[in-house]
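A, B, C and D label the chains in the order they appear, each numbered from 1.
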Amino acid sequence: MTAQATRTAFVGATLIDGTGALPVADTAVVVGDGRITWVGARADLEHAPDLRIVDTGGKYMIPGLLDANVHLLIHVDPDVLLRYAPGCYDELVLEAAQIALRAGVTTVFDTWGPLESLRRVRDRINAGQAIGSRVFCAGNIIGNGGPYSADFFPNLGAGLSSSVVEAINRHWEQGVGAALTWMPAADVRVAVREYIATSDIDFVKYASSSHAHSRFLALSPDSQRAIVEEAHAAGMTVQACTQSPEALKAAIDAGVDLLQHGDVTGLHPMPEETLDRIVERRLPCVAFLYTQRHTTAFLERKPQWHGNDAWGEVMMVKDLNDRKLVKAGAMLLLGNDMGVYGPTAETSPMWGPFQSGIPDVPTHLGRSHIFWLRAAIERDMAPMDALLATTSNIAQAYGRLDELGTVEPGKRADLLILDADPLADPDNYARIAHVVKDGELVDRDRLPEHPVLTR
Amino acid sequence: MTAQATRTAFVGATLIDGTGALPVADTAVVVGDGRITWVGARADLEHAPDLRIVDTGGKYMIPGLLDANVHLLIHVDPDVLLRYAPGCYDELVLEAAQIALRAGVTTVFDTWGPLESLRRVRDRINAGQAIGSRVFCAGNIIGNGGPYSADFFPNLGAGLSSSVVEAINRHWEQGVGAALTWMPAADVRVAVREYIATSDIDFVKYASSSHAHSRFLALSPDSQRAIVEEAHAAGMTVQACTQSPEALKAAIDAGVDLLQHGDVTGLHPMPEETLDRIVERRLPCVAFLYTQRHTTAFLERKPQWHGNDAWGEVMMVKDLNDRKLVKAGAMLLLGNDMGVYGPTAETSPMWGPFQSGIPDVPTHLGRSHIFWLRAAIERDMAPMDALLATTSNIAQAYGRLDELGTVEPGKRADLLILDADPLADPDNYARIAHVVKDGELVDRDRLPEHPVLTR
Amino acid sequence: MTAQATRTAFVGATLIDGTGALPVADTAVVVGDGRITWVGARADLEHAPDLRIVDTGGKYMIPGLLDANVHLLIHVDPDVLLRYAPGCYDELVLEAAQIALRAGVTTVFDTWGPLESLRRVRDRINAGQAIGSRVFCAGNIIGNGGPYSADFFPNLGAGLSSSVVEAINRHWEQGVGAALTWMPAADVRVAVREYIATSDIDFVKYASSSHAHSRFLALSPDSQRAIVEEAHAAGMTVQACTQSPEALKAAIDAGVDLLQHGDVTGLHPMPEETLDRIVERRLPCVAFLYTQRHTTAFLERKPQWHGNDAWGEVMMVKDLNDRKLVKAGAMLLLGNDMGVYGPTAETSPMWGPFQSGIPDVPTHLGRSHIFWLRAAIERDMAPMDALLATTSNIAQAYGRLDELGTVEPGKRADLLILDADPLADPDNYARIAHVVKDGELVDRDRLPEHPVLTR
Amino acid sequence: MTAQATRTAFVGATLIDGTGALPVADTAVVVGDGRITWVGARADLEHAPDLRIVDTGGKYMIPGLLDANVHLLIHVDPDVLLRYAPGCYDELVLEAAQIALRAGVTTVFDTWGPLESLRRVRDRINAGQAIGSRVFCAGNIIGNGGPYSADFFPNLGAGLSSSVVEAINRHWEQGVGAALTWMPAADVRVAVREYIATSDIDFVKYASSSHAHSRFLALSPDSQRAIVEEAHAAGMTVQACTQSPEALKAAIDAGVDLLQHGDVTGLHPMPEETLDRIVERRLPCVAFLYTQRHTTAFLERKPQWHGNDAWGEVMMVKDLNDRKLVKAGAMLLLGNDMGVYGPTAETSPMWGPFQSGIPDVPTHLGRSHIFWLRAAIERDMAPMDALLATTSNIAQAYGRLDELGTVEPGKRADLLILDADPLADPDNYARIAHVVKDGELVDRDRLPEHPVLTR
């Protein structure tokens, strides 16, 4: 994983560079020192003795994929977490980062997780001490409690000692948990400033909607504005978790840079006025797209979410919003709470109803992005737009377009080389010839190196 | 119950007229046609043949009491409600109105209840067809569901058919229930306008805080402003239920006329800035004052409220706020969710923990206002201020000071005549000589005429 | 409703007399003073001036049906019971007795219910003061608690005050409730003796299996023997509720006269040895027969019963037992916990999953006996045996064959006259021409006279 | 840990040999090859060069203690068990065995636990490969499920995947779990025979009472007799878990050798007749003795056990039985479900209410036997009888008196040498000078060698 001394040329592929430009056949891309140094026609490539040639003739090259909403540790059931001392989940996080990388997702944005493990794994990968997707992380969703708190999955912690529950939750909460929802906005500002200053996070996420009781606002518009100002003052992008029309509007009013599942608006469709604002401002919006066959199976099952037995209706409203957003040309991003689940998730009181015996489960890191892409096509998104939703749109939304998201000189050399045209069929994103990260060919067969959940 | 043809003079009492003026000994008050027609020194009273004289020498006359926050039907357990067809609770409502009147509370503001029964009883009392306290009602708390919904007491309805639960909840919700929390503010406005136009309510109440999950905002600031505007456009006062600092601030910002239990701010004390605004604007604030011995016993019991096991801490924060509000001279109002409970409340899963075996229960209509007054004195409220908190402050807050709240010519002749000085000891409010409503002496021994819960 | 002074002859029907004899065409049956006085060939009927003739030519006459296991009050949800003072459910019981009678079920054995109402209705019917099926009742199942106790439907009482729950349960328990399961057998004997002596019941029923935790024995074999001895000493039949192989064996060993749902043996099929004893001793056994289409729909639904998620498997084992019992020629009796349900049962947390949207619900009094008969035929019971299972078998099992169960001189004149042959098709039991009880034609259109649940 | 080549003499102690004989001063006890080889007066001791002398002058020697009812792994909360692969709990079991040994409890009878770990640790200790108390184990309580089953602590497993729950339960159930309660007695016999033949257990325990629903019989008297016969045929002692009068009687009738907590008879005191049988037959009975101050604190707390809110009453009945058993001279044994708990037990939903902030917790292995002894004295047991209850009575009950339980030549050399007279004060059992097991001085300071729960 040390930087390459020599340069490598990927020669012959049809390039879809992620800028929205049309595909170009017979290209060559040169990488060196982890970056793209040259992009051009194959015919124009200057050969040199130290230039390693990788033949990609007949293949398709696109930017390494990004995922705007993952949770590298999401299978937070006791049988997983209690194997470790609280907070020491590095091997689970790394496993997930490697599963993502194997699938060509070279960059992930972790939007809720155990910060200490996330940071350690992120830093080891960045330092070349470990292999895996490039990780950016938010730590906690400001205003929410940890995994076994009332905001998330209290039923999973129902049989645990309260001291154990608290020790675990603390690793997610990081001092900006549910207590902030009780605070006046001025106190929220102070707490968030402290968090940003000390936590070594990459971006900020907060709860506009209550997570479990999603028709309520978790943080007031004043508190939201304070958070956005603090994030921006620190040079970070900031995003909000929204689940209702008013929470969505509050987040937009507060000035967020990214709407996390802005397509989920509960029992009421997104107002036209809000839709217009999202489109006109090109406000990046992660959409929770599900394939039609998943949606159908899901609705038959009448699942509950946090005891909400109208969840099916929420999903139908979401789908209506998705179709409108696509049609209006909103700037949508791939993301679906993807993470890695072990086999016990099949019978988990939390995950079983959502994952067991149902097709196209949208939340499996390394697989479900294909379902997302298919769902996008089903909803009439243009194939090129779907590609942008998984590449440059995300880089732009997170303020990383100078480094990531397209195949252009000067960018990080993250490339996904496919055996078939991804614009022809979303399944072709899974027909991987090579994954290149930081200019190096990934040995996909080795990943994950130390499988735990996927053993 | 028809209007008196003749006039009556109450002669000899020390008058504390509710304006804040000092007590005046040896007064006479003349009433006729339901109104106070003359107030003056006993010596100045002009006798006339048709003037009936009631000797109140040695007694104390104050305005009939008002209660700013009652629920005439609050014992909503299935064993009570299921005796009746859904919505047909008139006899329970009337019983409560009579119990209030018997105790000298001549006017009550019902802030959440089954609207149809409330209106019928209100109108019958106003028309002289029934005896009872004067009732003003809000119907639903806009944004909240009915008694067995997730917003209130779902555990009480846990064993009931969902069709029964829905039929009952509907009588509280009146079309402005939980669905409004999903709506964009513009739609909230439309729904509330319709409700005000068609419901024949007396004032408007809405949920700033979520009722059960009180750290969250139930309605966004935008929705709140829309509600306040609609209420004011219809000439009604509007109040908000708040339980956290940000919900309290949102309500004040929205322009409400009354803060319903503004002293309850959850786990975080009221910010000084908010306190200042309440004091400076003389914004009426119902305070949930509990006596010290109740508070002590309550905290020992570690009660839960809606599963919130930090409820004791919430009560301690409330008490802290109460002391600050009193000290700062805020305009406080009597109110404590008072209502009538039958004997089964003692073993109710909902009420038992709050009422069984604990002193000075603050929620018993007809009794608990004495505890409120005592609690006010314990918190260093001046006795005269306590009296105003139960009379003219409330009338003013509800925009009824032209008719109610003081003993002045032209006002409704609602009088409470006591055997001992209420400024000397709060218990003296219970030493009742006479209750006069609309100029008529109330035959207190007859009340309630048809006891149901208090049989 | 007084006894007829005159005699009536039913002339011309094909008689299936309930003795097991083959059908006889062209018969005449004479009834007077509530009894059958003569049975013979139509040709042999002696006409007399006072003999009223009812032409039943082309019709089929069978004994009035009996049901060996009903609960005249089974819809014990709070929305039903709380309309009444505890124990005052006479109108519900009478409604059910009339619904049974309307359907040709002229005698019912109530095996668990609120004794005081049952007795009052029974006695009023027997005295000719009310119309309805003839009722015999057991009161409580000795050893079980009331409807909201842990033995039955605690979830229905979950939202009720404990004092309300206790007041209601007491009307079922009658002093022989769950406390007896704690007692030594000698104390059980004393309690049961007292119960039999003072309760004015018609027969005795006790819990061999725990009702809710059906793999356990509720009463020890010693206690069971004591109960059987006391019942027999008092001249009563005694039956046991059994749900497992060992509970079934214990009941047989104890000497019971009737096995209540002896076909239900939990997760383990009935041992051959037990089956042989039932068959050889001709031990009457109520079987819970369900039609095939009900069984199929039921199993797909994966219902739970008392939290037992293996309930589907229990039902499959039951069906296996049923087929073996039929094949072996066991003495089976009609019975299926039939009772009357109002419309709110459709959405009841208790009954909804068992009754909503599922065909051939086996527990509806007045309808479900047809499903039972159809299920019997589906399981290869001979049509004549099915008829006996609903008539003379039951009379014999309850020691009432001298009075009930066949069309023979001297018996109570309870007759069911059908438009079509019941041996040809079970549905023909529902094609009712006349119901005769105690010699009188029942005006079926009037029934139930005062519908409550079936309004 | 290899056997000593030489002999050791403990010289000078007052010997209370566990036979019931009076204390003898100035004794000497010689041990060699793990056994007691000579017991006599100090003066009679023959010295030899290879005889190591341990001066025990001024001290008191008693047999190593036995505990008739421990669970070496009882803290079965997820935070403990999920650290390990299912069934691999050896280090927890060994820790507990060492904690027992450190406290002078040289032999323990584990009456419910994960068999495979128990056996491995037992065998390692017996082989001298590990140090710890001598372990005898029953494996499962026949008829009961595992720790997260409905029979024990389903609330602890409420948040776990069902596959995880099943994998764990299986290690306790060992094929003789709850399924046996459904079986006819003949099938129970077959299953138990197989279990005894293949499981390498030391004694047999079965459920006469249901564990969670203790007023019911889990296994019928016929099944119980089958189990007893099978155990005796295999040369094993057999015991029953009983919690009600009839379950106790059933166990005695079945011929068990030991009554496990026979003093617990639920809501009904032990019948005199049963008491007489226990006394007359000298049937060994583990009694759950609690100190008075524990009992008082416990009753104030109104704890529930398996949702049984009459648990306090059960404990009062138990105490009544205990006093009668002591007075009647029943053969009582020390035992109290003792095991080792880690710090998270303080806040466990299961254990917290029973252990947090309450004195003299009766279930802590290594400490609580002192409380048991004090409770025995409080209930007027003679000090010498208390000593027998913890030594020879237990050895006899388990058929091990030839090897264990007294200080006599030929026995295993398990000795407890105290600094003060145990007959003078139960606390003196904790004033340990030396623990000797198999003739070797235990290095108590080293124990437990690898603390996990007690770290």
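In the analysis below, contacts are C-beta pairs under 8 Å (C-beta built on N, C-alpha and C of every residue); 3 or more make two chains touch, one makes a residue touch a chain.
A quick map from chain label to UniProt name: A, B, C, D = Organophopsphate acid anhydrase.
Since this is a predicted model, take the numbers as computed values, not measurements.
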item: Shortest chain-hopping distance from subunit A out to subunit C; value: 2
item: Reference subunit B; chain at largest CA-centroid distance; value: D
item: Computed distance of Cα centres, subunit B from subunit A, in Å; value: 51
item: Centre-to-centre distance between subunit D and subunit A (centres being mean Cα positions), rounded to whole Å; value: 55
item: Distance from subunit D to subunit B - Cα centre to Cα centre, in angstrom; value: 62
item: Contacts with 2+ other chains: residues of subunit D; value: none
item: All chain pairs that touch each other; value: A-B, A-D, B-C, C-D
item: Subunit A-touching residues of subunit B, taken from the complex the two chains share; value: 178-179, 181-187, 210, 213, 215-223, 244-247, 249-250, 266-268, 271, 273-274
item: Of subunit A, residues touching subunit D in the complex; value: 77-79, 82-83, 155-164, 343-349, 352
